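This report concerns only the one structure given below.
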Amino acid sequence: MTMFDAAAKPPMTTSIGNSTPDDIWVQGFNLAEELMGQVDFGSMSFLLISGRLPSPGEAAVFNAILVALADHGLTPSALASRLTYTGAPEALQGAIASGVLGAGSVYLGVFEDTGRMLQQAAPTDAATDADLQQLCTDIINSHRQSGQKMPGLGHPFHKNGDPRTTRLLKLAQEHDLIGPHTRLMLMLHEQARSSSGARLPINAPGISGALLSDMGFDARILRGIAVISRAAGVVGHVAEEIHAPLGETLWYLAERQTTYQPRR
Amino acid sequence: MTMFDAAAKPPMTTSIGNSTPDDIWVQGFNLAEELMGQVDFGSMSFLLISGRLPSPGEAAVFNAILVALADHGLTPSALASRLTYTGAPEALQGAIASGVLGAGSVYLGVFEDTGRMLQQAAPTDAATDADLQQLCTDIINSHRQSGQKMPGLGHPFHKNGDPRTTRLLKLAQEHDLIGPHTRLMLMLHEQARSSSGARLPINAPGISGALLSDMGFDARILRGIAVISRAAGVVGHVAEEIHAPLGETLWYLAERQTTYQPRR
Amino acid sequence: MTMFDAAAKPPMTTSIGNSTPDDIWVQGFNLAEELMGQVDFGSMSFLLISGRLPSPGEAAVFNAILVALADHGLTPSALASRLTYTGAPEALQGAIASGVLGAGSVYLGVFEDTGRMLQQAAPTDAATDADLQQLCTDIINSHRQSGQKMPGLGHPFHKNGDPRTTRLLKLAQEHDLIGPHTRLMLMLHEQARSSSGARLPINAPGISGALLSDMGFDARILRGIAVISRAAGVVGHVAEEIHAPLGETLWYLAERQTTYQPRR
Amino acid sequence: MTMFDAAAKPPMTTSIGNSTPDDIWVQGFNLAEELMGQVDFGSMSFLLISGRLPSPGEAAVFNAILVALADHGLTPSALASRLTYTGAPEALQGAIASGVLGAGSVYLGVFEDTGRMLQQAAPTDAATDADLQQLCTDIINSHRQSGQKMPGLGHPFHKNGDPRTTRLLKLAQEHDLIGPHTRLMLMLHEQARSSSGARLPINAPGISGALLSDMGFDARILRGIAVISRAAGVVGHVAEEIHAPLGETLWYLAERQTTYQPRR
């Protein structure tokens, strides 16, 4: 085959995993000896993504974020999974993939958008309140000019405040994990509120994007963390679909309530 | 639309999640108050799937299983994810789904197959060794007659024993969580070894299937637990692909090493 | 990395495609010169899967099968796609994948199951009616013994007969493409009807499985042909979702009509 | 459940499909009577997406586009599908979905990007050459200012010209289907070439995006058309994987050629 010319491609390397006949290594740790029974699965996810184990405080907040975003009922993701399971029960992995595929820009994208906005501002640990105030003004102005909505603020349903945000902030404070990105996010919230007069609570994906930025996660991988969390929710829904199915009823509802209007 | 007749479909119910303006409820727990900061993400997954929180021992073993199966290097799942990311970096969820879709009958199916075999035998807590011995003989005979390979035994690479199995058994013992399914699995292993003469270690998916059966998980959902675990591994690979890509090099290798042999 | 021992793996070959700087080759044909503008997309799909171009009659029947199975309204696949698009409009490919994942054992599996049943019976071109009668009796007996439902017969909605079946049979007759698998299927239908007294029409996936078996397609790939067809239907639904969305309304309906019943 | 307030959601309507006990309707056509045996699968896809049947010329060009993009060998999509099939052969639909998920912004996105660029310029049927020249200059200037690469031009491998482009243009000319979007694309190519001095052929996705824009397809659905086409290619690869597997060999190659470099 000749699709590529001889130009050298970079050699392939990985830090993630390796097996020898007697041992399995993940990110340089002996899986059976140093990780299993020693770290919880949230911390393992942290390690797999970032290449290092979390501090105890980071483990607490990271787990809380995964717990917060796993599920909140019959979301479009959950419904897509259940409908897919209805047609293909032999392949649970397909039903789960189907649910995960809805974790895109509209719902879980907030996570990533907030992280990207904060990371582009690049506040440092040494930033003073005045420094952050300046970044904050720049961000608000640039959103105003481009007419874009600021990510991470407001919730269509939890208008008085997202209960998960309050909890995550409290946990992060207890573990002394409020870094410059989160400080910037809190300031943005204050300014947006005072300038618009509207109550726009920081939503859970928004504060999660800020806290994860402080832990060093690249904005480009944030959506992946949301997907791990959501995978657990989706598996919960498929488990329920096995013994208390609603996929067929939903199909029936959709059929019955939709009008057929041919364009011809 | 008229696809369905008027026959009543069952009403739709869910125990998983619900939101009110001020609270989010998951399996009857207040998410922000009772779960976030209180339980790790592994325990949250346990709750979502089974409808109850694990005991401390169950949480330890369940987390260890999720940690054990998350990753062991450049598996076909990891490679599929990285190749998908190469073509569609705008949609991380697609790369993750692509990896998860390979979690099927060949690799992670062992999980499910072992669980199904043990759950069909239906050993009870009160089973004596003689009872289990009988079930064991029945299982071996039925596999021999149908010519099927027994699931959960043997590993193509860890021929001296799967290091994850040893660790999982030790943890389960420490927490007094060796129930009748795991006892049956251990006995099957003994008998298979003595009758065949071959060393066939219990592999990690096999022992996981047994331990999860003892915790009450239905065999039909076991593959879902493996998928949650594998999702974390896949996100790790995509995170690495962002800064140390190997997808294009792999494509190049495949092109260069494949001979084009048209059938025409 | 050391996962595999030195045991030689088979060399990689493909007959599907190859590129040189000036030409692209598919199954040994020059894509731009011999295929584009010369064959329709159904025939191209036939070529990609089977390695040969269809005869004119095969092209007509194969296209008719793809046309028949593409869509028939708001199926679970269509709904899953639309719900996924609602959450991830930036990644059309994900919405399509989500719909395709529901093309599993329950709905489109009939295709594969019928093909497998007929191909296992292995009727030859030279089979007499008496030969087929014998195969037929064997098949019916083996289904009766195992208690399995015979695939390809009956339809939950088109109880008087599936209009697509009539059309496919007529087309196949016109093109002299009724081979031994289809003859066997017709006989099975007759016997099932006379022995059960029930009117059980051959459904569209059932007759398609028979006709495709006569064209030489392996039962293991039949589901793939259904998926190509269904992909077009799903893209139609996503196209409609862009300008006449129903995903959010469906979500709303599901939320409103589902009762939250925590198990705790 | 209470996630949504009482605000009315729009009613659900569809023009795509509907079933009555005796008939199936697609976009207002009787499926068995008016479509099966009457239109090829490419035309059926056109109908499903756009709501109308193509003219004979449109059917020829639309089919040629689907044929052109279906496959050109061991692309990342094809490899992802084959690797997924290696792990989950019980679920062909998953392997296909896995391949389709790579049809994203890097490869098949060109399709969509070119269509969007041309549709935003909004050339009309009545546009004179001078009008198009002006649009052309605007487009080139805006790409120069933003530093963005112009989509649809250049090919990493077919440097002398993409053979599929020549063929598609010839077909479109024969059928008198060169509309304002394609005229604009041809002019852009001329100007880009004369101003940069570089030979930058219009690639197949680029010309396809232009021709499909002339046929009235919204840029937002173009990627979907590419996905239908690619689905056929992917099914071809999975069909080949069944009898001439290369997934395991590729895995072996990846393992052997990758260096494990833990970061710890």
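Think of it as A, B, C and D in the order they're written, each chain with its own count starting at 1.
Convention: contacts are C-beta pairs under 8 Å (C-beta built on N, C-alpha and C of every residue); 3 or more make two chains touch, one makes a residue touch a chain.
All values reported here derive from a predicted model rather than from experimental measurement.
Q: Chains in contact with chain C and with chain D: which ones?
A: A, B
Q: Find the chain most remote from chain A, comparing centres computed as mean CA coordinates.
A: C
Q: Measure off the straight-line distance from the CA centroid of chain A to the CA centroid of chain B, and report it in whole Å.
A: Distance between chain centres: 23 Å.
Q: Per the centroid of Cα atoms for each chain, what is the distance between chain B and chain C, given in Å?
A: 30
Q: For chain B and chain D, let me know how many angstrom lie between their CA-based centres, rounded off.
A: Centre-to-centre distance between chain B and chain D: 36 Å.
Q: What parts of chain D, by residue number, touch at least two of the other chains?
A: Counting only residues that touch two or more other chains, chain D contributes 1-4, 11-15, 17-19, 21, 73-74, 88, 90-91, 93-94, 97-98, 101-104, 108, 157, 246, 250, 253-255, 257-260.
Q: Taking the complex as given, what residues does chain A use to touch chain B?
A: Those residues of chain A that touch chain B are 1-4, 9-19, 21-24, 26, 31-33, 35-37, 39-42, 44-45, 48-50, 60, 63-64, 66-68, 70-74, 78, 91-94, 96-98, 100-104, 108, 157-160, 163-164, 166-168, 170-171, 218, 220-221, 223-225, 227-229, 231-233, 235-240, 242-246, 248-250, 252-253, 255-256, 258-260.
Q: For a test of understanding, state which residues of chain A touch chain C in their complex under the given definition.
A: Those residues of chain A that touch chain C are 1-3, 18-21, 73-77, 79-80, 83-84, 86-91, 94-95, 97-98, 101-109, 246-247, 250-251, 253-255, 257-258, 260.
Q: Looking at the complex, which residues from chain C come into contact with chain B?
A: 1, 3-4, 11-15, 17-18, 25, 27-29, 51-52, 73-74, 88, 90-91, 93-94, 97, 157, 254, 257-264
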